[in-house]
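Both complexes shown next keep chain A, but they swap its partner, so chain B is in the first and chain C is in the second.
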Partner chain A sequence: MAYSEKVIDHYENPRNVGAFAKDDPTVATGMVGAPACGDVMKLQIKVSADGIIEDAKFKTYGCGSAIASSSLVTEWVKGKSLDEAALIKNTDIAQELALPPVKIHCSILAEDAIKAAIADYKSRHGS
Partner chain B sequence: MNYFQLFQVPAQFDLDLTELGTRYLELQRNFHPDNFAAGSERDRLLAVQQAANINDAYHSLKQPLLRAEHLLALRGVKISHEQRSFTDTGFLMQQMELRELLGDILHSSDPYALIDEAEQQIQQQKNVLLKLLAQALEANHHEQDLQAADIIRKLKFFFKLQHELELIEQQLQD
Partner chain C sequence: MKLPIYLDYAATTPVDPRVAEKMMQFLTMDGDFGNPASRSHRFGWQAEEAVEIARSQIADLINADPREIVFTSGATESNNLAIKGAAQFYHKKGKHLITCKTEHKATLDTMRALEREGFEVTYLEVEASGLLDLDKLKAAMRPDTTVVSVMFVNNEIGVIQDIAAIGELCRANGTVFHVDSAQAAGKVEIDLQALKVDLMSFSAHKIYGPKGIGALYVRRKPRIRLEAQTHGGGHERGMRSGTLPTHQIVAMGEAFRIAKLEMAAENARFATLRQRLWDGIQDIEQVFLNGDATHRVPGITNISFNYVEGESLIMALKDIAVSSGSACTSASLEPSYVLRALGLTDELAHSSIRFSIGRFTTEQQIDHTIKIVHEAIDKLRAMSPLWDMYKDGVDLNTVAWVAH
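Coming up: the complex of A and B.
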């Protein structure tokens, strides 16, 4: 199966790979996995006092499409408010990366990862 | 289609694989397309279809995870094509750590020691989960079936890890 140029670009030069310090109170983490392919995705956001996502990092074990989807999401969420970031849809990711139908679940995983990170932040900051 | 019925074996997780293999050969013989060469077009097509069903059924029944999934599907719990993300954070953290351990193997001065360690961890946890799966399926109640579905999801991650580990071992040998 041929990957699109954008997937290959993100796969070869993934943006924002890594992790923030676990004990940083401004950091929240979303962990999601896809049993069907065994992919595991961790997405972290660093949120400013006024609720803006200042930085994001990810670590994904999975196929090229899963890595590209999470890499793209970390780029997209930077500078967004939590509510804006929560509006990111898997269909937007799939369209941007030109994912074929069999790889749509990778974009679902990335959407669920950012949602999980936002939920983690909100649960820890009581909003 | 009920694969257990097709193979005339009890619809349960704990199956006698030798019996399954014998039944497979019998069925394959009975429905071999050659037996229907003189039959009508319709009979030939049905035989081809049945031969395909028999192969699918055998493929599913002999593998524990696919067998468990089929059993659950017959009980109304379908998980084979689900696209829902798995969100058990503690479990996924542990998966991440195992993936990191696997990632260290190729750069290690003693890769085989790390392979042994990973292999041991994966096997041990897989065996624990397989036992829990057998227990949950044995109960044959909806609540335990849902638990079984969750155990299958976890086991899939371990089967994937094992596959990754095999790839690393191959890479090491090359």
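Coming up: the complex of A and C.
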């Protein structure tokens, strides 16, 4: 299957691969997907005291589109407030990466990962 | 080194230059372009002679009589003709058929079509090795079982079924035995004087011949009858009508002739290359060879790489042309049904790669492949949350996944 140049770029040079220290209280983690489905995304965000996402990192087990989708959202969430980040839609991701219809679920998973990370942060910080 | 490296010989092979050379002599005005069925002039006679020589060359490789060879468009058509043809011809004797879950779709889908016609089909499980348990086959056989269809060499994992033993069981039960040998011809010894096989499918493009041509072996003693599936001018003794494509048939004959001459040496070379590949890869952690380790052809090696996903692995391996056990690239998102039938988890089935080597594979290509595989696995595992969890000692089966 032919991938778009953007998918290939993110796949070959993924942005923000890695993980933050687990015990850092400013870090929240969202992990979505299942190995049996062929993709698992782990998205971590580092949130400042005033609720801005300062940094983000990901690790993804999945196809090229899943890796590209998670790499892209780490770029997009940086500098956004939690509420702004929650507005990122899977359709924006799919459009930016020109994902084919069979790969739309990758963008949905990336959106879910952001939401899961935000929910994790909120549950830890009681807001 | 020329990239990408072709390691997908089980999907198709390039035409051997010697075969292409031969094939070209049967196309143009200067060549033998005639219709082999034309009886009234030398154009036809020459084409017919060429077809009969090719028929003998094919029969020669498998120790059969040339009159037992019926030309078709390929193994898919041969499987259709064999299974439907025999099931329909012998339907008064019974309507029960047996096959195996790891067969090619050309067999499985043909069986499904027959189910819609009122036939009953038993799909046998295979062992974790990919091999059929003969006791299970024996237990599944009934007096009304008319056709058993089992492939010689599996296309995904390369395991070789015990065709001789299955043949004995079928003959004892008076059951027609069909064998799909698309991946076997030129790779394993096939002696149809010894094997109790009644019908056998062949393809040219898996053995360095062109696409679009194949053959079905139809036993004469004891005689096997088939209901024709393609009707017309009564070619191929009424079993398969349609003008014979002389150039393709001649090419298939040449490919089989070469295979007979070179098979032994080629297999020895493939075995060395396969070992070199496996030795270079097996030191990676969490790597598994799929299918029986001994009953296999040397050309096909199917390996699962745990904690990396198959399609991204294929992307990382862009300099080598291989195929994935994950059908993620198609719309289905399903892992290989063959690997699932071996009992592999979805994850391992998703993360498997078939490396198939062939006539033009070199040692340098294998060495480069090993290097690329190591780099790809390192890169993807560095990116894989599952790998981290494995390294942290987390049992992935105990994790509550958020499935989607």
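Definition applied: the second predicted complex is superposed on the first by the 123 of 127 C-alpha atoms of A that agree within 3 Å, B and C clash if a C-alpha of one lies under 4 Å from a C-alpha of the other, contacts with A are read in each partner's own complex, and residues count from 1 in each chain.
Heads up, the rule we're going with is that a residue touches a chain if its C-beta (ideal position, glycine included) is under 8 Å from a C-beta of that chain, and two chains touch if they have at least 3 such contacts.
Since the structure is predicted, the reported quantities are computational estimates derived from the model, not experimental observations.
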Partner chain(s) touched by A:116 [first = chain B, second = chain C, both, neither]: both
Partner chain in contact with A:63 - chain B first, chain C second, else both or neither: second
Touched partner set for A:105, first chain B, second chain C, both or neither: both
Chain B versus chain C as contact partner of A:14, first or second or both or neither: second
Which of chain B and chain C A:35 touches, first, second, both or neither: both
Partner, of chain C and chain B, that touches more residues belonging to chain A: C
Chain A positions touched by chain B in one structure and by chain C in the second: 31-38, 40, 42, 59, 61, 105, 108-109, 112, 116
Residue ranges of chain A in contact with chain B within the complex: 31-38, 40, 42, 59, 61, 104-105, 108-109, 112-113, 116
Parts of chain A lying in touch with chain C, wherever the complex brings them together: 1, 3, 11, 14, 17, 19, 31-42, 59-64, 66-67, 102, 105, 108-109, 112, 116
Partner chain A, residues of chain B touching it in the complex: 82-83, 85-87, 89, 91-93, 95-96, 99, 152-154, 156-157, 159-161, 163-164
Chain A partner contacts - residues on chain C that touch it in the complex: 307-312, 315, 326, 328-331, 333, 335, 345-347, 350, 382-388, 396, 401-404
